[in-house]
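A, B, C, D, E and F label the chains in the order they appear, each numbered from 1.
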Amino acid sequence: MEHQEMSGKNSTQHHLIRYKEGLGKYTENMPELVHSFSEFTRHCFKEGEISEKNKQLMALGISIYSQDEYCIIYHTKGCLDQGASENEIFEAVGVAAAFGGGAAMSQGVTLVQECIQELNNPMH
Amino acid sequence: MEHQEMSGKNSTQHHLIRYKEGLGKYTENMPELVHSFSEFTRHCFKEGEISEKNKQLMALGISIYSQDEYCIIYHTKGCLDQGASENEIFEAVGVAAAFGGGAAMSQGVTLVQECIQELNNPMH
Amino acid sequence: MEHQEMSGKNSTQHHLIRYKEGLGKYTENMPELVHSFSEFTRHCFKEGEISEKNKQLMALGISIYSQDEYCIIYHTKGCLDQGASENEIFEAVGVAAAFGGGAAMSQGVTLVQECIQELNNPMH
Amino acid sequence: MEHQEMSGKNSTQHHLIRYKEGLGKYTENMPELVHSFSEFTRHCFKEGEISEKNKQLMALGISIYSQDEYCIIYHTKGCLDQGASENEIFEAVGVAAAFGGGAAMSQGVTLVQECIQELNNPMH
Amino acid sequence: MEHQEMSGKNSTQHHLIRYKEGLGKYTENMPELVHSFSEFTRHCFKEGEISEKNKQLMALGISIYSQDEYCIIYHTKGCLDQGASENEIFEAVGVAAAFGGGAAMSQGVTLVQECIQELNNPMH
Amino acid sequence: MEHQEMSGKNSTQHHLIRYKEGLGKYTENMPELVHSFSEFTRHCFKEGEISEKNKQLMALGISIYSQDEYCIIYHTKGCLDQGASENEIFEAVGVAAAFGGGAAMSQGVTLVQECIQELNNPMH
């Protein structure tokens, strides 16, 4: 909320910063809970028989279905960081839409696509 | 996101434009998937033994329960386009609230009502 | 759970009885909460500008989307009690599937159809 | 939507005002439904063998899990009004995260913490 | 599924055994993930400024809202193990119903109450 | 419901048959809607830049998160049919658990594992 006046950053970056700062503050008060959550999710997302890239695409699919804005942004970034192509991300939107219909489709064609554009053009 | 600087349009119109533009771009990459989705939803929402108006009201009820902002706006517009009265829309909010409690009520009294007002007064 | 040994009743009837008995017992301990809940839902589902039948069909659509077995059974019965045709119920399944995809479809083609059959043939 | 131009109020206050005004307008059209909903929720949240404070913390946990922005703000305020400490609120976020993972965590570390800050510093 | 033929055990016990055995088998293949999940949830549910009992009641409320059968059984047992009274459990059902309406109510008056009865009368 | 007396088939097979028969009956009444739904989901799940196998694993992850029993069974079978290893399925459960916590975990360690066992040993 308080970051909307920040200039020189796009909406995706604002969300990522807001989450990072919020997590930092929460960790000061709940260090063990956050540490154990990070350990847990690290094991969930690490390279295994499913690659890190495909786990990030799967995570994006679940995020779109669940309609959580932060997770959608976070895992769209995760997909790009792991080298996923735009088409792979679009196909993940499609799989989510088989479950979540119009709600999934609307998040996919707005937030996900805008997020790709902003992460690929960070100066905008 | 990138449309917030657009002037002369209200929030409902921004959302509808953002969805339309996003869908257009997504369709360029995934034409078959989008086409088959449109065909599917066309069959779901077309006039049958339940009228198109009552299907839009039902869709609005599910949208409010599921808390998807785009679907709420899209189907509030769909209800008005099919000639639903404000009271019919308010009653659909009520049915959704029997399932979704305060979360449904809060979307109904804010987003749905504001959306009706903005669609009925497009110059605001 | 404890009713599965009951003979001479089909699965739909078991669920309706189990809910009715459970609600009766809960009401003994929480009379005001149950009474006020009943008053609230009575106002949600009563005849208005939307008919009782269309409100029951809407409630069935939300129940299928939310995947609650008791609500699906309860509102399938509500639809039939209000004179809804099988086709109207099938169309409500279709609207729910536009939002809930395969999950909604699977509940609609199994539980809803079986429930119609059992309520129409109570001796089975 | 139409309140974003209001000055001198922070985001939490805008949401609370938007909900209050929306509910007022909805009540003009649906007085019985809103009155019976208020009666019902009053019985749900009143002091019992579980204290009002612990019911508000429980309501906050469910709100975070369900990701409804209005309910998160409303019940964060409810927790503070009932004298809950920041640590109690942070622990409620933790319980919600055991169910809702990263989606719950992201709402907890952003919206909930910002809401606490804004409610404790109403002039910001 | 394969345990339904087990004799001398009630439904609650079957579910608890099925979960325990399933988790044991899963842990053989995914030891680190399960261990880190257990550590995480241990931190979520441990005594803090909110008591273990109130955290279990909160967890039950979220479980009822989310409609997960295993979690409802697991945390009803957790509430009883921490000394929660039946009325406290009934009030937690009420708070969940303020969010989840009839779906929450139906789980509360059937599964939760049956679970209390079976856990208090283990020989049935 | 009416298939529980069938002998010589395990629970997974019963669910698959119940869904197949239900869908057949529904299709008689709603042929266009079902046909267009099948076309849509065929485009969602077909080989693309993401393989069919990884799309099935993604679909399983979303199914576990959404807690739909039919979809979990259907896509566990889909994963095995596409040659996914047990470990890949277990890792998909793990990714789902990062979002859905204990609810996802409980479905993964019971229903998913039992389903693998029954599909690999069809005579049981």
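We adopt the following convention: a contact is a pair of C-beta atoms (placed from the backbone, for glycine too) under 8 Å apart; a residue touches a chain by one contact, two chains touch by 3 or more.
Note that the structure is a prediction, hence the values are computed from the model and not measured.
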For subunit A and subunit F, which third chains touch each of them? B, C, D, E
Averaged-CA centre spacing for the pair subunit D and subunit B, given as whole angstrom: 25
Where the CA atoms of subunit A average out and where those of subunit E average out, how many Å apart are those spots? 31
Residue ranges of subunit F touching at least 2 other chains are 33, 37, 40-41, 43-44, 63, 66-67, 71, 87, 91, 94, 97-99, 101-103
Which word fits the touch map of the chains here: line, ring, star, complete or other? complete
Touching subunit C in the complex, subunit E uses residues 10-12, 67, 86-87, 90-91, 93-94, 97, 101-103, 105-111, 113-114, 117-118
Across the complex, what residues on subunit C touch subunit E? 1-2, 18-19, 22-23, 25-26, 29-30, 33, 37, 41, 63, 66-68, 70-71, 74
Subunit F-touching residues of subunit D, taken from the complex the two chains share: 97-103
Looking at the complex, which residues from subunit B come into contact with subunit F? 32-33, 36-37, 39-40, 42-44
Of all residues in subunit F, which touch subunit A in the complex? 40-41, 43-45, 48-50, 54-55, 57-59, 61-63, 65-66, 71, 85, 87-88, 91-92, 94-99
